[in-house]
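In what follows, chain A forms one complex with chain B and a second complex with chain C.
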Partner chain A sequence: MTDIRSGRRAPVGARRRVSPEARRSGIGLAMALPPVVLLALFVGVPVVLAIGFSLGHTGGLNSTIASIGLNTREATSWWGTAQAYVDVFTDPRFTRDLGVTIGVTVVSTLIVLALALGIALNLRLRGGRLASVFAGLAVVPLFIPVVIASWAILTFYSGDGFVRTVFALVGLTGPTWGYTTVAVVIGSVWTSLPFATLMAISGVQSIPDAMIEAAKDAGASSFSIVTRILVPLSAIPLVIAATFTAIGVLGSFTVPYFTGPNAPSMLGVDISKYFQAFNHPQQAIVMAVVVFVLASGIAFFYVWANFRSAKKEGRV
Partner chain B sequence: MPRRCLLTLSAAAAVALALAGCAPTASTDVAAATNHAVTDASGTATVFISGDTNVQSLWTDAIIPAFEKANPGASVTTTLDLHGEHDAQTMAKLTSSVQAKEDPGFDLIDSGFIQAAGKAGLLEDVSADNIPNLATVPDTTVKAGAGFGIPYRASSVLLAYDSDKVKTPPTTLDELLKWITANPGQFTYNSPSTGGSGAAFVTTVLDKYVSDKSRTAMTTGYDQSLEGEWDKGFDELKSLGSSMYQQGVYPNGNNQVLELLGTGAIEMAPVWSDQVITAQKTGTLPSNIKYAQISNPSFTGSASYLGIPKTAAHKDVAQKLSDYVLSSEGQALIASTIAGYPVISLDNVPADLKDKFASADPSTLRPTYYSQMASDMNNLWDAKVPGQ
Partner chain C sequence: MTTPTKTDARSGLTVTALTKVLSNRTIVENFELDVAAGELVALLGPSGCGKTTTLRMMAGFLQPDTGSVSIGGIDVTDKGPDKRPSAMVFQNYALWPHLTVFKNVAFPLSIKRVPRAEITERVMAALETVNLAHHAHSRPAHISGGEQQRAALARAIVQRPDLLLLDEPLSNLDAKLRVKVREEIRDIQQRLGITTVMVTHDQDEAMAISDRVAVMNAGRIEQVSTPTELYANPRTLFVASFIGSMNVLPAPTLFESASLSHVPNAAPDAAADTSSSGTSTDDPPAEAWAVRPEDVLFEPGSGARRAGATPVEVRRVLPHGHFSELVLNAGGAEVRSVAGGVPPAVGDHGTVTLNNVRHYVDGVLVDGRARTARVLAGVKA
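Here is the complex of A and B:
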C-alpha cells in the first residue's frame, strides 16, 4: 500500500510542484512570444542593421543601401568607424538644427502642458458648460489629419492669411508666421494638445472631492489647492503627457516640413532630406540615432512615472 | 508625375527619388535613323507606374489602348503606386527579386527611381538593338539613361509671371536676376530637393559660372572635383536670399510655388511647362499668369525614363511597348495627353506636333545634372543658401 501510495504520490507531488506555475508561465510566454518575435524581426533587426551601417558596416544586408548612397564611410576597425558621426557633428547645419529641434520640443511641451492643465483645472474647479466646451475643443485636433492641419496653419498665418487680414482691417500690420519656427511651435502644440488634455483631465478628475473640500475647510486658497493638491496628485499622468508630447515633437516631420522655414529646420525634416534628396543615407541614420538617444532620455521619465504609479497601486 | 506634384509626407520621398531620376535630354547631334511603327508584339506585360494621375491616364487611357490596337496579340496591364508613395518598398521588392532571380511582377517601370535602380544593377541593358526606335532619340538623351533608362517624354521649366503686374518680363537670366533684386519679395523658387522647377532655377544660376566642358561632364556623370565651379553661383543665390518672398522663403514642392503665384503673393517664379499648362486648364492658376522661356542660358528641361527589370518575365513585350512609346504615334499621344515634349528628334514626329514644339525643341533643352551631381547640388544649396 505504502509502496503504491508513495509510487502514486511522487509524480503527483512533482507535478504539483511545477505544474500551475510552469503552465502559467508557459502560457504567458506563448502569448508574449508573437509580439516579441514580431518586434525583434521588424524593429530590432532593422535598428541593429541601421546602427551598424552608421558605424560603417556596409556589407551583408546593408550592401544595397551602401551601393546606392553617396559619401558612405566604411568601417576601419572591428567595431566600425565614427567618421560618419564626425561628419554630422562637424556640419554647422546639424548643430544649428539640433538646437532648434530641442528648443521647439521644450517650448511646445511647456505650452501644451500649461494649456492642458489650464483646461483640466478649469473643468475641475469651475466646471460648467464653457469649461466642457473648452475641453471638447481641445480634443478636436485628434480628428484632423496633421497634413491638413499643417496646411491650414500655414495659410492662416501666411503673408496673405487670416491674421494679417484682420490686422490690416484695423490699420495694423500683423506678424507673418508662415514659414517660420513660430508656425512650427503652433503646429506642434495643435497636434499634441488633445492627448495631453485627455491625460490632464483624467488625472485631475480622479482626485476625490473630499480632499479639495477638506483643504477649503482648512482655509486653503484656490491657488494653494491647485499647487499643493491637484498638480502633485496628478503628477504621474502629467509626466506621461509631457513625455509623449516631447517625443512626438522631437521626431515630427509633417509640421516642420510644411509650416517651417528651409533653414533652420528640425531633425525630422533633415533626416528625410539627407536620406532622399542628398542621398546620404549614412548621415541620415546618424541623425536618427541622435534623435533616438534624445527620445530615450525622455522615455526614462515615462518609465519612471509608470513605475511610480505601479508602486503606488502595489503592483510592484 | 512624381517630380511635379507631391506635397505629402511620404511623397517627399518620391519627389527626391524622382529628382534623382531626372536626367539630361539635350543633344548636339541628331541621330539619322528613321522611326518605325510597332505592330508585331504579342503576349502580356505589366507596367508599374509610380506617379501622379496624369501619368496613370497617359498609360491606361492613351498608350496601352493604342498599343493593343496596333498589336492585336498583346495585352498590357498596369500597377499604380499613386504619387510614388511606396517607391522605397518597390525598390526593395525589385532588389530582392533580382537577387533571387525571380520575376518582380512587373515588366516595365515608369518611375523616378529608374536611375537608382539602374545604378544598383537591377535593370536590363537597353540599346537600339533591342529597342530600334531608341536610335531616333538624340544621343545625349540616350546617354543620360546610362544604358538602362529608356527616355520617353520630356518637359522643361519656364518662367511664369503675373502679366497684370509685370509688363516687360525678363528674357535672359541676367535680366531675371536684376528683376529679382529690383522687386524684393516678388520672386521665389522651391527648394531644389523638393521639385524640379526650383532645381532648374538653381542649376541655371550655377551654370552661369560653370565652363561648358565641366557642364557636359556634370550632366553625364559624377565628378565631385568639379563642384568647386559652383561656388560663385551659390554666392549669387545666397545674395538673392533677401530679395526672395518673405526675405528668404523657399517653399517645399513645385505646387506651393504655383499656389503663391496663383494667390498673387509673388509675381514671378520658375514653373514646369506641363504643370502650368494643366493648372491653367483646370483653373487653379488664373489666366493673367503668362509664361515664357528665358535665354542665355535657358532653364533646364529633363526627360523621364522607363526601365525593364533584369528578371522580368515578359521582357520582349516590355521592349516592344517601349519601342512603341518611342514611335511617332506614341510620342504624339504623350504630347496630346499630358502636354509632354517628344524625346525623339523632331524630324520623326508628325508635322502638327513639330510646329507645336518648334519653340521647345527637345534637342535644344538644356539637360539637368546627373542624378548624383544633383544630390550634391541639393546638399550644398541647403548648406549655403537658406537661412544664411
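Here is the complex of A and C:
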C-alpha cells in the first residue's frame, strides 16, 4: 500500500512480469493439456501394455490377464518373445481371415469411392432435383444404427428374405447373401457411404466453375474433365474418404459379426472370439497389433498424399 | 521454333440479333456485332450491362434465346465451347493448380491427341510468345499474377484459335502491371493476327488497346466506334458520360452565353436552373446538353469580359500531375474544366466559354458541335 501511495513500483510485481507471448503460449499449452493427458493415460498406456503382453511381458499390470488367459507365452529374453506371433501366423485360420479382411476392405473402399464420386460428379456436372435427391439419400445411413442396418441387410438377402421372395414370385431363384462375405461388403458400403459422399461432394463442389469451363473450352469431353481435372483437383477429400473408409472397414465388428459367415470371418470378429470364446487374450492382442499396423500403413498413405498435394500446390 | 501464327482472312466474328433472358430479366437484347479478321474489339460497359453474358454466348457456354454466332463464316450457335474454334482467357485465369505451366498450356493439345513432339514444340513456342518459357515447369501457385495471366493467354493461343475471347483479363492485376500487360496482350494479338473480343469495365483499357470499342448499356450496344471517334462523337448521352469526363446540363442556360453570343447579358437568373448539372444518366432526361471539360475554356480574371463568356468562381482544384481539373460555379451551375500549367486558386474569379456543345434528346444525339448554335437558337425560340 505504501508503494502505491508513494508512486513507486512494487518490487514483487516487477519480478512476476511475464511477456504477453509467453503468457499466451502458456495458456495455449494449458488448454491442449487435458486431452493430451487423457489420451496418454487411457489410450497410450494400454497400447504399450498390450504390445508388451503380446511379446510375453506378463508381469505388472499384465499379471491379471496373464493368469486368466490360456496359451499365454512368457518372455524369454529382455525384449520378450515372438512365440505368440508365431502361433497366430502359423494358424491357417488367421492367414485366411487376414486375406478376407484385406479383401473386404479393398472391395468396400473401391465401391464406396465409386458411388460417392458418382453422386458428387452427378451433382456437380448435371445438377437438378434427382442429383440432389441422390446426394441426400446417400447420407441416410448416418442416421440408422449399424446394428439395425445389419439386421435389415441380413433379412433382406437371407434365404427367406425379400430379394429371394421377389425372385421366387416371378419363378426365379435369387441369390442368398445373408451370412456371406458379400453381405459384409454390402453392410460396409452402407455404413461408410455417408461420410465418403459428404467428402466427395465438398471436394468436387469447391472446384471453381471456371476450371471446368476452361477445360471445356480447350475441347475436353466430360470424361476427360472428370479424369484429368475434377478427380485430381479433389484428390485430398477423396484420399480422406478412402483412408477413413478403409480404416473403418478394416476394424469393423458389428457388420461382419451380424451379416458375415462363421468362417471365413473378419479380424474384428476373430479378435472378439479369441479374447472371449477361446480365452486366448495374447493371440487376440497379436491380431489387434496386425490390424493396427495395417491401419498405420493407410494413415501413412493419407499423410503422404496430403503432403504431396500441398507441395504441388505450393502450400509447403 | 515456329510461332503459333494463324491469320485466316475469313476468321472474323459475326453476331446477329443475340438475345438472352435469364430469370425473367433481359440480360442481352438484340446484340449485333461484326468483328473483322485480326481486329480487337472491346465490349465496354458498367457491371451488369450484359457484356460477360454476351462473351459467354460467343464462347458457347451459354445458348442464346435468339440470334446467331458465326466464326469464320461458319454458324456455331448450336455448338458447345469444345466444338468452337475459339479460346477464352478467364477473369481468374482458371489455371489448373495440379498441373505445371507447361502441362496447363499443353492440355488443349493433348485433348486433341496432337503428337507429343508437336505438343512440346507448340507449347514452348506459345510460352516464348508470352515470355514465360523459363517458368514452364513451375506450378501456377509459384508464379505471380501477371505471369499467371500470361500463362492463361499462352493456353489460349497455343490452340491457334480463330477467335480469342478475353474476359476482364486485367482486372486482377495492380494498376501499374495492368498497363504493361495490356500492351503485351495487344502486341501478341497484333503479331499473331488473332480476331479478339475483350470484355472490360475499364474505359482506359478499352480505349488504349482496341481497334474498336462497343459500349454496352443495359444489354444493348450503345455505340461501336474507334476509340477516337467514341470520344469525339458520342452518339448517346450514356456514351458521352461513360467515356471520359463530361459536363451534362439539363438546360441550355449555361451555353447561351457561349452559343448565343449575339444576346448580350444572357439572363443571369436562369443560371440557377442548372444546379442539377452532372446528374446520372440512368434514366436519360428528355433533353440534355453535354460538353467536355477541355471544351470549357477558363479565363482567369473578371476584368474585360469576352463576348459570350459566363462569369465563374473556382470551387475546387483537383491536381492530376500535368494538368488540374477545375470545378467551377457559374451562378449555381457546376461545370468542370481543365487547366494546364499553374492552376487558379480556390475562390478565384474568371470567365468560361464553351466549345463543342452536344445536344441530346431522350439520350440520343440530335446535334453535334457544328449546329449547336442554330439548335439552341431554335430551342430558345
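By definition in this document, the second predicted complex is superposed on the first by the 284 of 316 C-alpha atoms of A that agree within 3 Å, B and C clash if a C-alpha of one lies under 4 Å from a C-alpha of the other, contacts with A are read in each partner's own complex, and residues count from 1 in each chain.
Keep this in mind: a residue touches a chain if its C-beta (ideal position, glycine included) is under 8 Å from a C-beta of that chain, and two chains touch if they have at least 3 such contacts.
Treat the numbers as computed from the prediction; the structure is a model and nothing was measured.
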Which partner, once the models are overlaid, touches more of chain A's residues, chain C or chain B?
B
Partner chain in contact with A:S221 - chain B first, chain C second, else both or neither
second
So, A:I229: does it touch chain B (first), chain C (second), both, or neither?
second
Counting only touches as set out at the top, which of chain B and chain C does A:P35 meet: first, second, both, neither?
neither
Is A:E313 touching anything from chain B or chain C once the two structures are fitted on A? First, second, both or neither.
second
Touching A:E213 in the superposition: chain B (first), chain C (second), both, neither?
second
Chain A residues touched by both chain B and chain C?
none
Interfacial residue positions of chain A with respect to chain B in the complex
64, 67-68, 70, 91, 93, 147, 158-160, 176, 178-179, 253-254, 257-258, 261-264, 272-280
Taking the complex as given, what residues does chain C use to touch chain A?
59, 61, 80-83, 86-88, 90-92, 94-98, 107-108, 111-112, 139, 141-142, 155, 159
Could you pull out which chain A residues touch chain C in their complex?
208, 210-211, 213-221, 224, 228-229, 232-233, 235, 309, 312-315
Touching residues of chain B toward chain A in the complex: what are they?
7-9, 12-13, 15-17, 19-20, 95, 116, 119-120, 191, 193-194, 245-246, 248-252, 263-265, 372, 375-376, 378-379, 382-383, 386-388
